[in-house]
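Lettered A, B and C in written order, each chain numbered from 1.
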Amino acid sequence: AQSNVTVYGLIDGGVEYQRGGAAGSVTKVTSGMQNASRIGFRGAEDLGGGMSALFTLENGFALDTGAALQGGALFGRQAFVGLKGAFGTVTLGRQYTPIFTSLCGVIDPFACGLAGNAGNLMSQGGTAATGGGPRTNNAIKYAAPLTSGMMAEMTYGFGETAGDTSSLRTLAGQVGYTAGPLAVRLAHNNVNNAGATSSSKVTTLGVKYDFGIAAVHGAYALNKNAVAGNTNVAQADTRDLMIGLSAPVGAGTFLASYIRKSDRTAAGNDASQVALGYTYALSKRTNLYTSVAHIDNTAANNAPGFYTAGNATDAGSGDRSVNIGVRHTF
Amino acid sequence: AQSNVTVYGLIDGGVEYQRGGAAGSVTKVTSGMQNASRIGFRGAEDLGGGMSALFTLENGFALDTGAALQGGALFGRQAFVGLKGAFGTVTLGRQYTPIFTSLCGVIDPFACGLAGNAGNLMSQGGTAATGGGPRTNNAIKYAAPLTSGMMAEMTYGFGETAGDTSSLRTLAGQVGYTAGPLAVRLAHNNVNNAGATSSSKVTTLGVKYDFGIAAVHGAYALNKNAVAGNTNVAQADTRDLMIGLSAPVGAGTFLASYIRKSDRTAAGNDASQVALGYTYALSKRTNLYTSVAHIDNTAANNAPGFYTAGNATDAGSGDRSVNIGVRHTF
Amino acid sequence: AQSNVTVYGLIDGGVEYQRGGAAGSVTKVTSGMQNASRIGFRGAEDLGGGMSALFTLENGFALDTGAALQGGALFGRQAFVGLKGAFGTVTLGRQYTPIFTSLCGVIDPFACGLAGNAGNLMSQGGTAATGGGPRTNNAIKYAAPLTSGMMAEMTYGFGETAGDTSSLRTLAGQVGYTAGPLAVRLAHNNVNNAGATSSSKVTTLGVKYDFGIAAVHGAYALNKNAVAGNTNVAQADTRDLMIGLSAPVGAGTFLASYIRKSDRTAAGNDASQVALGYTYALSKRTNLYTSVAHIDNTAANNAPGFYTAGNATDAGSGDRSVNIGVRHTF
């Protein structure tokens, strides 16, 4: 039966220096700075007639302590089963938000990792009520069977509140176009609060164009009652602009981005981030990395509107961070 | 070393509508309705001379949230190691009760899954003190090396209470006969409470006969201080009668059962359940399913004696449920 | 991708009788008495030029309940990634203390398992603040590329306290020599407390010499503010002397050891342990075992200085224990 399942994973460990936090600087062995450390099980079965069954179970863990992340959930990163056919793909379970798969999977030069993680300032779509961060519990996702570079998907997350079908429900979706050097994504995520008296809304438009010598990246996001992916800073009404660059340099890739967040509320907790990074390939499966980020906050470092320089796993503690590490996939 | 272990599992996800609960109706993405979602590791080693070593480690998880079930235990479904030889099979660890392996593994047409789960009304043998539901912690199980369709097994579960060997101990066993279309099982489970001042006793007799066009299923159970498998309704003194039917229809199987519970105490919390289901095979490893159950309770839906229509994983919330889903094994 | 990872493990289960505890005797089904039950994932990748990447993720669990050990951590036994080359081996993550790998991996005839576990009286190097028992969280370990039987390694564990780099940091190391029948190890572990006002220091010198008919084992340890590996008895200032013997007898191995602990403080909580054991191989991967230990305590069994006869997993409850079980590896 072993041939029906593939065991896969990614292990990322290194050292990070975080500066500018209210309690002082700290140096850490940190897990998952470029990409969060994970181990997973996945499989697919050909059912004939162009149809297949598929599943993914993916755990996230902290290499530095061995503990499961995502609140201790066993498969807290992804857990779904589905069917794929001429009708498209339908999957059920705990799944990524379209904001995450578009912003982090396609648009951000740092892929929501390293010190330059776009999630330091920008929302990844989820709320604590739907399973935290960039994921939606109790979700049914439909991906249309498009061709010619087009893609479109919709997610409905059940709020599972007895007697109130609107409470805590998620409505989300994404459309995209990929052709040669160009990738465009428009994603939206809308989560009702308990009682459905308000909703957290995030809309992100992203573009990436690869000129060969370098790729340019850009994103613009509107956030209502959202939270930044890493820092969980509440954002009643903010706008984000991100511009970035990635370029092959030697056996590696140079990365850079600038993000500017504008707070439209009276609090005026604006922030901007500048980040640089470099990944160096030791093989197709293993690379070294280093990166640095600096966030310029309007809020003081002991105030609730303070954004921190984190990475793909650690939310960070201060407005500056530098790291170095190794990432291995299997 | 990889050839010494097999990774296996079952992933089941779908949507269930539950009605009649005190807090109102609810619609959910639910994991493990036909069979609980699981991933496991098992192996066996031939030791020569007709003897072998064997082990099973099996996790249960919720596909809709990615969290481990069974109170968060890593291998909360099954965890045992053992030796098999001419003397029979001896296994140590966390193991199923004989009530479960007989009622759910052989007799119930719904196999203790789907909306018709016999466990909605009937006990599966365990108590919270022994590890919950249908399992016994700290258990030594002996299965006799019988042939000609006979089977017999005994389980002793240590209470592990310092200074009191009777407190919380489990004594359980099962005898059975399987021949051609006929299967018969008689199972018993007896768990002392803390201090051994009383015990929870369940005895279940079950019969299944396959006429080819359809199989008929029947069970009768006596419960003293037991709890229903799913709903944890206390049962000081009850009797259960189950009759069921399973029949091949097209590429699938039609399932039906009726269960009547008689409460012999003054509370008189009688209940009965009618359930229908259909499973449709997409392949040997993957099937679709749908089912419906209706429980008629004497107790009101906010009273302690109220039985709920659950499935193999979710205890349910109301007296009615309808579901649809997909089950994939690997 | 499956060929890039090996699934391995060890499953150990049996029955133990513990006597002399304050609450009375107890008999248990216990997991991991000879070696703690575990399941792990490991791999290595050849990066060319004599360099390779490697990782280990290892979970510890209780076979008797199915629960994860090490405080519920998913990979609480070991979790690290690293690079190996001409420069030596550098690994990052949650890793064993050098006290453990020397005392338990090389010197103790019981390998810190069975009733004779040296850890019943002797420290394994860690403190609760660094991840518990014989492991260090947030650790960078460097092993020198020595040859001719020499080995040397150093570990630095980050305290990760904002504003105080000394708080909770670990400094540890080991040097050793192995040649033919001889193995010698000198290991040290030094963990600062919170605020770095004092440190827990353990230094262990161990020797093993195999005469063929039998091997003799000896160790001497100095402990300041340490804790015994199993019982967490505080040791402000103690000395340990261990002498042991292991000898092939039939298809198995006979084991014996004597440990004497001298408490240099006014409390005078001295203790000594005598233990015997026998392991019998059913195959290269599977063996039976039995062992017995008796600890002679100065402290009463309800006093804080009372040492208990545990095994590789259970800390024990009394001053005597007898066990029997089976251990299977895969």
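Worth pointing out:
By our rule, a residue touches a chain if its C-beta (ideal position, glycine included) is under 8 Å from a C-beta of that chain, and two chains touch if they have at least 3 such contacts.
Because the structure is a prediction, the values reported are computed rather than measured.
Separation of subunit B from subunit C in touch steps, taking the shortest path, is 1. At the interface between subunit A and subunit C, under half of the residue numbers involved are used by both copies, so each side presents largely different positions.
The mean-CA centres of subunit A and subunit C are about 39 angstrom from one another, to the nearest whole unit.
Residue positions of subunit C with contacts to 2 or more other chains are 2, 7, 72, 74.
For subunit C in complex with subunit A, the residues that touch the partner chain are 1-2, 4-5, 7, 41, 43, 45, 47-48, 51, 53, 55, 57, 70-83, 92-94, 131, 137-140, 158, 160-165.
By the touch rule above, subunit A contacts subunit C in their complex via residues 2, 6-9, 11-15, 21, 23-29, 31, 39, 59, 61-68, 72, 74, 282-283, 285-286, 317, 325-326, 328, 330.
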